[in-house]
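Each of the next two complexes has subunit A plus one other chain: subunit B in the first, subunit C in the second.
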Partner chain A sequence: MDLSELFKSTLLIGPEIALIITGIIVMVVDPLIKGERKRNLFWIALVGLAVGFILNLERFHNGTSAFSGALSLDGFAAYFNLIFIIGAFLATILSKDYIESMNLRIGEYYALIIFSTSGMMILSSAREFMSLFLGFEIMSVSVYVLSGFNRRSVRSAEAGIKYLVLGGFSSAILLYGIALIYGASGTIFLDEIAANFNASNPLYLAGTALILTGFIFKIGAFPLHQWVPDIYEGAPVTVTGFMSVGVKAAAFAILLRVLFEGFSGIEANWMQALWIVSAFTMTIGNLAAIVQTSIKRMLAYSSIAHAGYALVGVVASYGGKELGLSSVMYYLFAYMVMNLGAFGVLAYLSKDGKECETFDDISGIWRRKPLTAIALGIFMFSLAGIPPTIGFFAKYRVFLSAVKAEFFWLAIIGILNSVISAYYYLRVLVYAYMREESVVFPRFKPTSVVALTILTIGTLLLGILPLNSWDLAIKAAGSFLLTFGAK
Partner chain B sequence: MESVLFYIFAAASVAGALLVVFHKNPIASALSLVLTLFSTAVLFIFLLAHFVAAIQILVYAGAIMVLFMFTVMFLNIREESLKFDAQNLPVKLGVLLLILFIFGYFASIGFKKSFSLNHAASLPESFGTVEGVGEVLFKDYLLPFELTSVLIVVAILGVVAIAKRGTD
Partner chain C sequence: MIVTIEHYLVLSAILFIIGAYGVIIRKNLVIVLMSLELMLNSANLAFVAFSKALGNMTGQVFMIMTLTVAAAEVAVGLALVVAIYTHRGTLDIDVLKMLKG
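This part shows the complex of A and B:
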């Protein structure tokens, strides 16, 4: 690679660079200003994310690759980047009131959200294991810190340490897998690995298994789902919202790319493994969610279940099927909208250093705050997959793709699980609409309301008119299949 | 000659790693890590990666180990809180060795298969020298190199966010 090519490649990764520079600006400006004025860092963060968003749109039209194929800047990556940036943007807006009322450090918070997003964006386009791992770590390390961000809360600190230790362990497993694959193939580029792939060589099998393990941990799927409830419950609620949508989507992006591009040689093997993982993830997530007494913990288990639904789509894209791939991508987008909304409502109802997390904390909001109650209702309907919401449409696509790919049993397990999940989502609404209030609700928070309104309208509107966003997912999946020339 | 030295240092590095895990005294554990890192550095020299070997000793065995020692001393761990659970020790060690053996067996098959493919190209002249490493680092792997710096910035930011006292 000569210098002019390096220069060209650097210009191509504008969105990532924009976010990293924004993160550094927030970080540097933070100690220079004092007190109340730190709240203005919020605007720097929003502008940076908006710039990243606009620069990223270009990639839908002309996909290229940069750094001699280390990054593939195709529609697939662009679609996932859209999920990350919109997610980070709305999470930032939702966080403003929350971190100010909790008295958390403002500058570091926004900077870490932005750095984490830039790591996810590297991850979604990485086609080479070294950049992949670094993107993975940039994303993870930021999120470790964010989950332990509320230092006055013992549970937040516990969540941070737990996530750091367990996440470090999973990264080590992933790295070990990468090392074995490198040892066997002599290369870290996914396309070259696919070309050298030799299924009778145990190193490839062991490497694939270890890499898959690392990703399954980050997705929060069975059997590595145990960390999810503890950490999602302990972390500040806005951080939980951000990481449940962003980190999960990023892990799915890289899972899809590595499996389909790098390890298509043993497709039948990992497909069967993921079939089992998916069925157990849905079932265990849903069954455990039923018995929870804290909404935050219930939503954590529900996020495990949703990872299972998305995995149905991964299994259904076996053989490089466009429908399955686009259904996973669309599902993650839909999950971003509705889950961020659900956590956003919890953040909105938190006040004076106390989070809204038990069922008592939301009982009777219908009487005092009818609009918040309606938003909560829409998000819960959407998470349960009831029409006319985005959640219904996304779930329909995932199960449809499973049926079309002839995974009937997986589709049946998924549908049964959706029925079970309706119970605990609707239980939230029973408390919100039919019980007497037992706590005093916080005052009106203008900034969070903006984000909640956007999310509510998005959940409904895309549920009624899903076609545009769905076409985008199909196009992105098509561009992904083009990059490595699958059928 | 080379293979004899290889086995000596390979054994030393494994022994050091085991001592890190099994030794009661955390300071001794940390010092055993130096042994492992030093022996690995020697193995790097056998692979003609002189620069990496030098960096391994300077950075890991030098700087990082000092940090480890400081942390261990700051934590001021009492001896009895570290009582090693000696119950079923032979069984535990046996299982560990069995796993290692099975893994080593399959790995050796795997590596034999990989290298019969003969994709290990002949090494360039500058391999392992400062010049060669620099060339690769700043041209072929510029992106990972820069991403590493972002990762370090994030880590520093995280440490400050967690360790700094007060909120404002």
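This part shows the complex of A and C:
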């Protein structure tokens, strides 16, 4: 690869570079300004994310690859980038009031959110293990710091160190798997690995198993889901919202890419393994969510269950089916909208250094703040999968793709699980609408209201009028299948 | 005795298992972080051994990238360990039980 190609490739990754530069600007400017003016860093962060968003749209029209095929800048990556950037944008808006009410440091917070997003974007386009591992770690290390960001809270520090130790453990397993695959095939490019794949070589099988273990950990699926509730509960609530949608979507993006492009030789084997993982993930997430006394922890278990629903779509895209792939992508998009909304309401109700997390903290909200209560209701209906919200249509598409691919039992387990999940989502509403209030709610926060309004309208309208979100998902799945010429 | 690729792989597997054992069993946070490093470095050893055996440089480049990542991870880890120590006055992993439900 000569210098001119390197230069061309660098121009092609405009969205990533826009975010990285924004992150650096935020970090450099932060110590130079004092006091109240630090709040302006918020606007720099938003502008950077908006620029990344606009540059990223270009990739839907003409997908290319950069750096000798190490990064595939196709519609598939562009769709996931859309999820990450919109998620980061709304999480940043929600964070502004939250940071002030919790009295956190401003500068690094926005910079870390942006760096983590850039890592996710590299991850979603990686077609080679070195970019994959680096993207994975850029994303993870930023999120470890964000989890432990509230230094005054011992629970936040505890969440940070737990996430770091367990996340580092899973990264090491992933890295060892990559080493074995490299040793067996002599290359780290996914398409070449698929071409040399030899299922009778134990190095390939051990490597595949270790790599999948690393991804299953990041997704938070059974049997490696125990870290999710602890870390989601301890981390600052806006960070929990951001990582529950961003990190999960990024892990799914790379899981799809590696499974379909790199390990298509043993498709039948991983399909069966993921079938079992998916069924257990949904069931365990939902059953554990029922008995929780903290809303934050309940939403953490619910995010495990949602990872299980999305895995149904992964299993259903077995054999390179467009419908299954696009349903996973759409599901993750829908999950971003509704889950960020649910955590956004919790962030909105936090005040004076105390987070809103138990059922008592939201009881009686209907009497004092009816609009917030309505937004909370819409997000809970959507998470439970009740029409006409986006959550219903996303679930419908995932289960439809499972039925069309003839995974009837998986679809039935999924639907039964949705029914169970309605119990604990609606319990939140019982507290919000029918109980007396026991705490004083915070005053009106204009910035967060903007983000919550966008999310509420999105949850309601995108279900009925998907606009481009569903067509883009189909197009993205098509471009993904084209890159490696699947059936 | 001729040292072959198998010897390196067995050594790296042993180091990986020692590291994993350390992360799971040891009670001191700093030792847990060191065990984590051991796991990452055992993968590095495998990369370098494979690189030599295959006669291709990708593995060595990958190893250098991993070293930078490991350094960043340990820097963050030590910062969080300091945060835990200022709150709790101990590095015992058993104090990490505020988060339970």
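Remarks
Rule of thumb we're sticking to: the second predicted complex is superposed on the first by the 486 of 487 C-alpha atoms of A that agree within 3 Å, B and C clash if a C-alpha of one lies under 4 Å from a C-alpha of the other, contacts with A are read in each partner's own complex, and residues count from 1 in each chain.
Here, contacts are C-beta pairs under 8 Å (C-beta built on N, C-alpha and C of every residue); 3 or more make two chains touch, one makes a residue touch a chain.
As the structure is a prediction and not an experimental result, all values here were calculated from the model.
Contacts of A:G69 after superposition: neither subunit B nor subunit C is touched.
In the superposition on chain A, A:M130 contacts both subunit B and subunit C. When subunit B and subunit C are set side by side, the one touching more residues of subunit A is B. By the touch criterion stated above, A:Y144 is placed in contact with subunit B and with subunit C alike. After overlaying the two complexes on the shared chain, residue contacts for A:G186 are found with subunit B and with subunit C alike.
By the touch criterion defined above, A:G478 lies against neither subunit B nor subunit C after alignment on the C-alpha atoms of chain A. By the document's definition of touching, neither partner reaches A:G14: not subunit B, not subunit C. Of the two partner chains placed by superposition, only subunit C is touched by A:I161; subunit B is not. Using the contact criterion defined above for the overlaid structures, shared-chain residue A:N103 touches subunit B, although it does not reach subunit C. Of the two partner chains, subunit C is the only one touched by A:P229; subunit B is not. The residues of subunit A shared by its contacts with subunit B and with subunit C are 130, 134, 137, 141, 144-145, 148, 151, 160, 180, 183, 186. Remark: subunit A residues 1-2, 6, 9, 20, 23-24, 27, 34-35, 38, 66-68, 70-71, 103-105, 108-109, 111-112, 115-116, 118-119, 122, 128, 130-131, 134-135, 137-138, 141-142, 144-145, 148-149, 151, 160, 180, 183-186, 196, 198, 200-204, 206 touch subunit B in the complex. Across the interface of their complex, subunit C is touched by residues 129-130, 133-134, 137, 141, 144-145, 148, 151, 154-155, 157-162, 164-165, 168-169, 171-173, 175-176, 178-180, 182-183, 186-188, 229-231, 233-234, 292-294, 297 of subunit A. Put simply, subunit C touches subunit A in their complex at residues 9, 12, 16, 19-20, 23, 29, 32-33, 36, 39-40, 42-43, 46-47, 49-50, 53-54, 56, 58-59, 61-62, 65-66, 69, 72-73, 76-77, 79-81, 83-84, 87-88, 96, 98-101. Of all residues in subunit B, those touching subunit A in their complex are 106-107, 109-111, 113-114, 117, 119-120, 139-144, 147-148, 150-151, 153-155, 157-158, 160-162, 164, 167-168.
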